[in-house]
Amino acid sequence: MNTRQNKLAMLVLNNASLLLFAGVLTVFAAQSPQFLTGTNFANIIVQSSSTAIVAIGMTFVLLTAGVDLSVGAIMFVAAAVAGKMVTGNAPIWPALLVILVIGVVLGGVNAFFITRLKVAAFVVTLATLYLGRGFALWLTETRAINLPPGFLVLGTDRWLGLPLPIWILALVLGVAHLVLTRTPFGRQVYAVGQDVEAARKAGIATGRIFAAVYVISGFCAAVGGILSLAQLGAVSPTFGTNKEFSAIAAAVLGGTSLFGGRGKVFPGTVMGAVLIQTIENGLVILNVNPYFYPLLTSAIIFVAVLIDSLRASLLAKWNRRWIRVEEDLISNRS
Amino acid sequence: MKNIQIESTSQHCERDGLLSRKARRPLQCLYWKMFCWCFAPIWMLAAGLLLLLPMGCKKAQNSGSGGSGEPQLTIGVSFETLQTGFWVASLDAFKAECAKRNIKMIQAIADGDANRQIEQVKNFITRKVDGIVLVPKDAKACIPIIKAANAANIPIVLFNRPPDKSDAKSVAVVADNFALTRETVKYMIGEARKTGKKHKAMVLIGDLGDINAIGRRDGFDAAVKEAPDVVEVVARVPTEWNQEKAQAGVVNAFQANPDISFIFTSSDFLLPSIVSALKATGKYKKVGEPGHVFLGGFDGDATAYQMLKDGYLDATGVQDVYFEVEACLQAILDARAGRPVPETITDAGFVIHQGNLKEKAPRMWGANVKQ
Amino acid sequence: MITFEGITKSFGGVPVLRDVSFAVPPGRTVGIVGENGAGKSTLMNILGGNLQPDRGSMRWEGEVYAPRNPRDAARRGVAFVHQELNLFPNLSIAENLFLTTFPKLGRLPLIDRATLHRRTAEWLEQVGLTHPPDILVDRLSAGERQLVEIAKALSLDAKLIILDEPTTSLSAREAERLFALMGRLRERGIAMIYISHTLPDVLRLCDEIVVLRDGEVVGSGPRADFNIERMIALMVGRSLNQLYPERRAAPVEKAGEVILEVRGVTQPGIVRNVSMNLRCGEVLGIFGLMGAGRSELARILFGLDPCEKGDIRVAGQSVFGAPPRRRIQRGLAFLTENRREEGLCLEATIAENITLVSLRQYQSNRVGLLNMGRLREAVNAIRGAVRLTPTAGNEAPVKILSGGNQQKVVLAKWLLAKSGVLILDEPTRGIDVGAKFEIYQLIHELADNGAGVLMISSELEELTGICDRLLVMRRGEIVAELRREAFDGERILAAALGETVETGAP
Amino acid sequence: MATVKRLLLSEYFVLFLSVAYFAALAPFTPGLATADNLGNVLATLLPLFIVAMGQTLVLISGGIDLSVTSIIALCSITGAAIMNGDHGWLAGHPLAVPAALAAMLLVGALVGLANGVAVTKLKMPPFIVTLTGMMFFSGLAVWLTQSKNIGNLPAAFNRIGGNTVIAFTITVLLGVVAHLMLTRSLWGRWLYAVGHNARTSLISGVPVHGVVIGAYMASGLLAAVAAVMYTGQTESGSPVLAQRLLLDIVGATVIGGTSLFGGRGKILWTLYGVLFLKLMDNSLNLLDLSHFTIMMVKGAVILFAAVMDTWRTRAPA
């Protein structure tokens, strides 16, 4: 049980997702030349931008060892309301604003039940998932709403040579990274995720931290909804389904731990989202049967979570207090 | 419930008083109180929804049973989904036709769940409807539904999607997907041959569980097989009637072979995805312009009509919805009157393209749907 | 600086502190010594704001001082360096120090990293750490983390720092660094309370010494009046109110037959070369101070933790490497130190808890379903045997019972399973005096009925009171063995402290 | 207030709620109280109750099993693939139906075993294991059949599967066995103990891993039995069978009173939960309320039940 060997094991476990990413790239690049082209990568990032933004919100929640299943439904409600407004020829900007407000309000509802009434996060967000999806289906009477071209500009337009979604993703990523690493709130999120009791003792208002992360997750889900809506051009009844799985997958692949306290928005979660999209994109280029995608993505998430729990149990084993500090340990501890 | 919340909030502020200076603390508590106050109403709304529900329905119930003159017929219409414009237009057509014939219509949408559709139709039967119109989720799952209707000897007509072969008796009013698609694609190939170049083609396939989708795919293959010199199929994108899957498939197919210039979609409701992919790669050109990508579709919905008028869409196979709806209701009335009713009524439909746009437009259901 | 006046505190009727009064003058270091359970930690928790005294008060530079939570205490300048440190391993040193008081960039809610690192570097330099301020805490050794905890205390401009058993998991080199730091802090006029078992350190570092026993101050004064022998004598003394049942060697048929044999059990970093024999009808005690590895040894014997070398035989059969389930079938039983988390299912009923281990014996042969009738009879019989309070019915949840009764339920659980060897880890912790006496009687009855009892405790009188033989453990090794006739409190405590009373050399 | 508290805490609260709900709505909804409508309710209630039973066992052990919907789909297509008339492996073979049933139960048990081992031996959070399980096995079902249904099942199977009387007897049988297993068997008592406190159980010699794996396998098996009934009802094996059922399964169990914190739950409570949910579902359907309004009401009711559950567990004894 010598320490050098363990240090190597920890190194591998910590950046497993980086290794996976490199592996996937080499496999697909070897298979088909167009894979490594610039446009292909820009295309992958555009396609994964909405999932990445939602995954950023999900990372905040996972950092506090919580979970938010309602992101898919929040996207759908936001898109449905925006669709109704825009087809009722309201101008675009107020519609976008309404979307963001809806995201925050629904995030707030989750926060209220989870922090004030202390209900399990998983049940609350499962219930809001169905409440949200039911409300949006009622609003759109399960009919697809096609959006006027004005709205599509968000998805297809380019600014300074880069498609708009990449700029929006960069903006959200930048702000999230700044908040998590550079603000007191961000560092307190990590503290609360690591050990709630110690955080409370250290004087952190843990209730507010828990509430805030769900509001942020709701907001990011709304932004993700806008982007996805702009790219699709229409709100169909299946809008946003399973987005919560891909968001969790992206975060976990990016190294965010489900036990809380660990995880980075940049490069972690965003790379996780891009990784999933790259795999899907690569599979299409190899024209593998598309029904194979869910099998592969769920298998990858399972492996990522397995690595995460292995890391957690290894860490726990090492941090046990040593009784005999003297002679027989010095040799190991160097 | 509410006052507990307030008192605990103020307590919450003191107990968790941050290490901040005295001045800042009341401000922070204000935020937190506001935060709780604005959610109290939502909590009330959820509770209210639960209580008011039964009362709400009572109103709806007794307004329906009015009716005048001889006993009004009641028909149950069960749709699998309203996901695409085609189904929405069909339901509206049914509403209009029933109103015209003074028939009371109850509707039920199963949102893609076969078991739920069975439940909904059984509920129709318990409410003793006089006839059932069914758009089945898939050809096999609808057999027990038809048997249930046969048992209650209520005439049942399947709209647009035929059942699998079985001993259950029902009438099916369907479009001839195979023939209509082959005609549409043949017209597109005719236009493509004029350019003299060989085109790489992409086809968007529908949900393989839906017989119509398979009929259209076979129609497309039949047409393409006759003109190998003009068209070569390089990409088959399965969409399962899901827009996100279609959009990703189209974009990635363009990645694999950027020079695709011939696209056919098994349903017009997927056209927006194709258009946004074409715009992203700058290939969205009008008919006749150099670099025009030949576009063809099926159903003939409002988007297709708009693109035809703007000159981007080459052709689309239109299902004659009005004919199909009349045929359904007539079949029910004939069956109730004991008159013999054929097992299948086919709607030939028609191909609409740049050439015959003006003349065929009024018959096209997509044309008179408000966008 | 701070004075305690008549501090009294009791938990559920058990008096833990009785009229404690002493003072910590400014800039002086006061050493507090006393056995486990003498009330040291409770006193410090009261000072640190985690607990409130029942009676008595504290004065801080003359004013009344009654902190309601750790933050009040910290605001007044009292900092507590716990044994289990309250640091966040996933954050950097700087972030740990300024978690709720980050310097901001002007009015922006962003952290001003430059000033943060500068100020952290200052505090680190004061405690003698040369690590960069933004290094993650989980990369530091136990000693370095302790220095960070002290730096944190200094950063909250603490005027009084409480150090609770700081050197238990430190290497000699790290301990020396800590002592040098304490010297520097004393020069800067910061008062310190130093709690430790290593008496030579206490003598070397502290200006004044307070000796606690059974919640009372039995001796206090300047260091000059104290030496190791006097301290040990004061710590040991006979406690007045605790009676022990008369220990007579009752005749047992299988008396003297070895039921538990442990040979050379070794697990690197935990225990080294532990060997012992336990006979039927014998109550063998293991004494040692906090961190001597007694609970760890118990968990290894029971199979909860791995063990590299050595052999463990129960009733003659080796159970080395077997999971706890198989050892229980061989007759081993384990009453853990942490009753609420590892001894009981608090939400479950009393009957469910008692029958948990021995359910298998109540399966009626026909279909394998449990014979509820026999089960109920067995539960009632056992309740009588352990004299569990009749007020709570079989279906009542265990969480409503008092500490003593909860312990009786755990004992009943193992009694019903007819275990041959019982390992008891701190069986009477947090139990009132009356219930303690009944527990001791039960232990004797168990032994008299032929069971072998291995009792772990940190209360010397308890062990000398009811055990036949006693082992002393220090740093994971057995350092002494005494028979009942040769029990001498001072020699036992000295062995546990690592002092040999005559020569005084460690 | 005390009587209300006693009522809310009593075991039969959900049963009273169902009866009161039925009485309140019967006069308003056409055909609610008719015999064959109740027959319909019963037909859809039985498979849901069987799956909810499996869910109750897993919840008592302190975990959760989200993969039951995908197990139902996978079993459905496995059985259909074996006994399908034209190209089934045992097409037309007299033993086709029993072999198919056996295969379905085997698939259910195997997936349950996989879930159990991942949760216990690999120490992974049950929520994520069964969530990825749901995605993987439903994806597998769609991939194996290329999302095409498998119809033309032998008449014998359709008679057994779709027949409500047989389904009722099977359900009652399973209900009684599950109740006995939970309250009177060794495994049942151990399951409650592990749900209350896994560490204490380990130290008291309870084979914690074995018990938990048993719970997940039972959940898988029960999901397979429900798959037989659902497939019988639609007379076709569908890879997307029961996709929308997760809300009903988890909802019924939570409404019934099984606690999410583990250690508390009864088969009878789940029966009342399923009864209430199905009654509400059917009545709202008869009131012409659209499918999505019903979805919203169910969401609200589950939220309310979860708040009650937390309040009951956290309320002072």
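Order of writing sets the labels: A, B, C and D. Residues in every chain begin at 1.
As a working rule, a contact is a pair of C-beta atoms (placed from the backbone, for glycine too) under 8 Å apart; a residue touches a chain by one contact, two chains touch by 3 or more.
All figures in this text were calculated on a predicted structure; none of them were measured in a lab.
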By that same contact rule, can you tell me which chains touch chain B and chain C alike?
A, D
Furthest chain, CA centroid comparison against chain B
C
When C-D and A-D are ranked by contacting C-beta pairs, first place goes to A-D
The distance between the C-alpha centres of chain C and chain D, rounded to whole Å, is 47
Report the inter-chain centroid distance for chain B and chain D in whole angstrom, where each centroid is the mean of the CA atoms.
31
Taking each residue of chain D in turn, which ones touch at least two of the other chains?
146-147, 290-292, 296, 300, 303
Can you list the residues of chain B that touch 2 or more other chains?
18-19, 109, 111
Give me the residue numbers in chain C that touch at least two other chains, ranges are fine.
71, 100
Under the touch definition given earlier, write down the residues of chain A that touch chain B in their complex.
32, 34, 39-40, 43, 47, 105, 108-109, 112, 116, 137, 141-144, 146, 152, 155-156, 163, 203, 205, 207-208, 211, 228, 231-234, 236-239, 280-281, 284-285, 287, 290-291
Residue positions on chain A within touch of chain C in the complex are 1, 178, 182-185, 187-188, 190-191, 193-195, 198-199, 201-204, 261-262, 315, 319, 321-326, 328-330, 332-333
Residues of chain B touching chain A in their complex?
5, 12, 16, 18-19, 32, 35-36, 38-39, 42-43, 81-85, 88, 109, 111, 235, 238, 242-245, 247-249, 251-253, 255-256, 269, 272-273, 275-276, 279-280, 302-303, 371
Of chain C, residues touching chain D in the complex:
302, 304, 324-325, 328-329, 334, 336, 341-348, 352, 355-357, 359-360, 363, 368-370, 372, 397, 399-400, 413, 417
Residues of chain D defined as touching chain A within the complex
64, 118, 122-125, 127-129, 131-133, 135-136, 138-140, 142-143, 146-147, 247, 250, 254, 260-261, 290-296, 298-300, 302-303, 306-307, 309-310, 314
